[in-house]
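The two complexes that follow have subunit A in common; it is paired with subunit B in the first and with subunit C in the second.
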Partner chain A sequence: MLRIAIDKIDSLFDAIAEKQTLYIPVDREDGAAEYKKYESGMKMSNSLNTLRSAKDFFFPQTENLVEFKMEGKQIEVKDIREESEDFVIFGVRACDARSFSILDKVYLVDPVDSFYKNRRDHGVVVSMACTRPAETCFCSAFGIDPTAPEGDVSCWNDGSYIYFEANTEKGKAFVDSISSLLEDGDASSLENVKAETKRILSLLPLSNLSTDSFGGDKLNEYFNSEKWAELSESCIGCGTCTFVCPTCQCYDIKDFNTGNGIKRFRCWDSCMYSDFTKMAHGNPRISQLERFRQRFMHKLVYFPANNNGEFGCVGCGRCLSKCPISMNIVKVMKALEVK
Partner chain B sequence: MQEAMINKAKQLLADGTVNRVIGWKKGEFVYDITPAIFETAEELDADFVYNEFTAANVSKYLVKESKKEGKILAFLKPCDTYSLNQLTKEHRVNRDNIYVVGIPGGPKLDAEKIKAKGITGITGIKNENYTLKIETVYGEQTMPFYEAISDKCASCKSKKHVTYDELIGEDGDVLESNRFDMVEKLENMTAQERYDFWRAELSKCIRCNACRNVCPACTCEKCVFDNPESGVENKAASNSFEENMFHIIRAFHVAGRCTDCGECSRVCPQNIPLHLLNRKFIKDINSLYGEYQAGEDTTTKAPLNAYTTDDCEASIVHERGVE
Partner chain C sequence: MNANDTLIPHIGVVTDIRIDTPDVKTFRVNAINADGTVGGKVFEHMPGQCAMLSIPGVGEAMFSITSSPTNKEFMEFSIKKCGCLTNWLHAMDVGQQITIRGPYGNAFPVETELKGKDLLFIAGGIGLAPLRSVINYVRDNRANYGDVQIVYGSRSMDDLVDYKEIIDEWMTDDGIEVNLTIDREQEGWDGHVGFVPNYVKELNPSLNKTVLICGPPIMIKFTLNGLKELGFTETQVYTTMELRMKCGVGKCGRCNIGNKYVCKDGPVFRFDELGELPDEY
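So, the complex of A and B:
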């Protein structure tokens, strides 16, 4: 298997960054990790995951869509789309890597979202297998194997080397482009690494979490559940869970009046917000209970109903760590579950 | 303490003093505790928890809860009682519908500080003589208790309950705290350094509104930032300048009303030290108008709401702004 010694990873990053924009996870001063545009000398974080998810690369928090310029009675419509630059995201974990295929099911089906597709076409996802899963991890519940991450290229780290395996045409082209820095080597040590990770996974507190009771056919069981009142009782209606989530995909479109025209942009929306999906007639979900329910029903029932049973959650655990009042999808699943 | 609280709650439910209890409910792990309402002794026995991770201030929930039928028992830490007093002063809660049992406060721990040490796979945490013994799936880890203390407790201003119907344990005193140290450090920076500090911090903002929504001083029925009619409503920044303005405007709005409960910084997913903005206002109010602690009582007029002939002139802002 193709590999590079870990102490030479900087030279690999330098070589990639010479040809295209490279993003790697780096540690911040406060201990959290975040993706940064690579500059020579930056050290890759050993953190399990970044504070914000990797969805930002394809679905940024805010982006301009179109501009209108008004002069007298003339309105000029300006298409401001530009071809994205080529870029590489290195070190994406298995949960985030799966999130892209979930976002694809929303944004690459007809009508294709050209803004999303543009970035998707130009981005190479290099994933990294997990070796130190956290107590908040539950990707296994959604059929994700963190020792075999998806992505254009999958990587494994055995403590001495990083191993590469291309999964797509784009991935092959990427591996070819760096092949002069890689060597062919024995990868048998990875079996032990994967086995140890799997042993740890089985010890995690959420290892028994099951999705068996959820799915597209469970609308009636859960929509009117009496549990929602108690579960949503202490929700403060902020957008933290939705904004750190790798699969939350809702956005709002807004117009910014520049004085002599309009900049139309979209930005992440949150079903937890009071004006979510507000229309001319008003808001279809007037209570926090309804808005709270929307988020979990979407991930556990509506999304699988429309996508051949695939759930809209990847078990990354960010909402478990970040919710101000520690309410989250795991607690919701355990409380709702009707066997 | 937890047992004494559960017993007290059961007693007050049984004798009809209250019909429900607001406290904290245990989670999946040792640290993921959710504020919750309990209505029966069985619920209390099953899920009520009070430990080093029950940092959440439940006062704000009383805005809604105190308007419901019957009295609610609220267990309040010293810092939480300042929030309740301020809410009472602003007529945001119906104090008559709340039965406050004062409980000893922190120091509370912040799980993020433990995780920031690289400790992961946490299955249990015990405090043994101020050393945390942390059980993990990777084996036992230890760290000093003091390094895991939440920021809001590290600069605790008071162990005194400023409002209560009864207490469990003895009341404490107002403390000499170090809470203005960092503000002074920022004041001593050059304007450019200070600007760079805040730009770096506030540019992390993801506009999740957790700081605003958790804040006991932010109880507007409709925030201007959520109101499409206001002209400043925004879900995301169209540029980084807007994030600065959101937080600065919010700090202005709670000036003189913020009790320094520290919830804004506790909940920020990006670890922005938002409380420092509020503390700057508190420090300025203290120095320009005389010592004032919001929430200390329910009657005193706040300096920014009262006029006296001794008030500093508006020009002070200009004078101080000159470097």
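So, the complex of A and C:
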């Protein structure tokens, strides 16, 4: 298997960054990890997951869609789209790597979102297998194997070497482009690494979380559950859970007057906000209960109903660690679960 | 890069503005052709479909295309004044350009389930807008449909949208029965007075009709209950839904009822389909 010694990883990053934009997870001063554009000398973070998910690369928090020039009664539409640059995201964890295929099911289905597709076409996802899953991890509940992450290229770390395996055409081209820095080597040590990761996984507090009782056929049963009142009671509607979530996909479209024309942009929005569905004649989601219910019904019931049973959560655990009132999808699942 | 993206709109020109009621105007929209001339339609549609109209910097919102697809010359929108964009549209003059994208959503099944049927249209207020597209489609393809009955009501005589067309064209057609009603007695009105749901019950339409309803949510609800009391089943009745929308294509996540996106899977639903969805609209 192709590999590189860990102490040579800097030279690999330098070589990649010479040809295209490279993003790697780095540790901030406060200890949290975030993706940064690589510059020589940066060290890759060893932490499990970045504070913000990797969805920004394909679905950024804000982006301009189109511009208008207004003159008298006339309007000129300016298509400002440009072909994205090629870029590489290195070290994406298995949960975030899966989140892209979930976002694809929204943005790449007809009519294709050209803004998303443009970035998707030009981005190479290099994922990294996990070795120390955390207490907030429950990706395996959603059928994700953190020892076999998806992506254009999958990587494994055995403590001495990083191993590479290409999964797609784009991934093959990427591995070819760095092959002069890689060596062919024995990968048998990875079996022990994977086995150890699986052992840790089985001991984690959320290892027995089951999705069996959820899915598209439970629509009215769960919608009408009496549990929502208690579950949503303390939710302050801050939207944090939706912003950190790698699979939350909702957006708003707004106009901005630059003084020299109008820019139309889209930005992340949240179903947890009270004006999300507000209309002239009323609001179908009148209290936080309905808004809270929407977020979890979408991930556990509506999304699977429309996507052959696939759930809209990847068990990354971000909403577990970030919600100010410690509410999260695991608590919701455990409370609703009909055995 | 894809040549087109539905979020990047076309330009339309407002070529006629008709004052329907104190708060509804009907706007005629034409395309700008490659040679710079103004005429024809920006795109084709089917009855029940909608379009996103906008004045950049003011707002963008969804409206039913109220003209019939059989009208090859222009598209029309009947718009009620109720906020930022709609106020602006009401204040503009002929010749103004707007942005337009679409068509969005499904349509009334005029070429399938509705074909050959006796049709009963029930509308309240601005709710006539999407049904007018179907009514004129049926009038232009008369041989494909049975009898047509239209029950339409508004607050007052002055609030009936498309009044002239109803009197001059629909009422003079063979095989079309039009029943108008207003909420309260008014000088100069010798027609029916009373709310739409009650009027429908009084009219006691025959049970073989296929029904299309549109109006304020409360009117739809009472009318449906009334129809059920008369013996109609949910599989005979269609309606069109209105939820907050931004993208129009099932991606911005805003307009769902359960797992259905009203912008894409709707806005037209049959009541038995709607009955399977959570009650959140």
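As a convention for this text, the second predicted complex is superposed on the first by the 333 of 339 C-alpha atoms of A that agree within 3 Å, B and C clash if a C-alpha of one lies under 4 Å from a C-alpha of the other, contacts with A are read in each partner's own complex, and residues count from 1 in each chain.
Methods note: a contact is a pair of C-beta atoms (placed from the backbone, for glycine too) under 8 Å apart; a residue touches a chain by one contact, two chains touch by 3 or more.
Note that the coordinates shown come from a computational prediction; the quantities given were computed from them, not determined experimentally.
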item: Joint occupancy of subunit A by subunit B and subunit C, clash or fit; value: fit
item: Subunit B versus subunit C as contact partner of A:C238, first or second or both or neither; value: first
item: Touched partner set for A:R285, first subunit B, second subunit C, both or neither; value: second
item: Computed vertex angle (subunit A) for partners subunit B and subunit C, CA, steps of 10°; value: 90
item: Touched partner set for A:R52, first subunit B, second subunit C, both or neither; value: first
item: Which of subunit B and subunit C A:L206 touches, first, second, both or neither; value: first
item: Which superposed partner A:D30 touches (first subunit B, second subunit C, both, neither); value: first
item: First (subunit B), second (subunit C), both or neither touched by A:I75; value: second
item: Touched partner set for A:I253, first subunit B, second subunit C, both or neither; value: second
item: Which of subunit B and subunit C A:Y107 touches, first, second, both or neither; value: second
item: Touched partner set for A:Y163, first subunit B, second subunit C, both or neither; value: neither
item: Minimal inter-chain CA distance - subunit C and subunit B, angstrom; value: 9
item: Where subunit A meets both subunit C and subunit B, residue numbers; value: 252, 269, 278
item: Complex interface listing, subunit B residues touching subunit A; value: 27-29, 31-37, 56, 60-61, 111-112, 115-117, 120-123, 136-138, 206-210, 212-214, 222, 226, 228, 234-238, 266-267, 269-271
item: Touching residues on subunit A, where the partner in the complex is subunit B; value: 30-32, 48, 51-52, 61-62, 132-136, 200, 203-206, 230, 233-234, 236-240, 242-244, 252, 254, 256, 263, 265, 267-270, 273-275, 278, 320-322, 324-328, 330-331, 334
item: Partner subunit A, residues of subunit C touching it in the complex; value: 1-2, 4-11, 56-60, 82-83, 93, 95-99, 216-217, 242-244, 246-247, 249-259, 276-278, 280-281
item: Subunit A residues within the subunit C interface of the complex; value: 65-66, 68, 70, 73-75, 77, 79, 81-83, 106-107, 111-115, 117-118, 216, 219-220, 223-224, 249-253, 255, 257, 262, 264, 266, 269, 271, 276-282, 284-285, 290, 294, 297-298, 301-303, 305-306
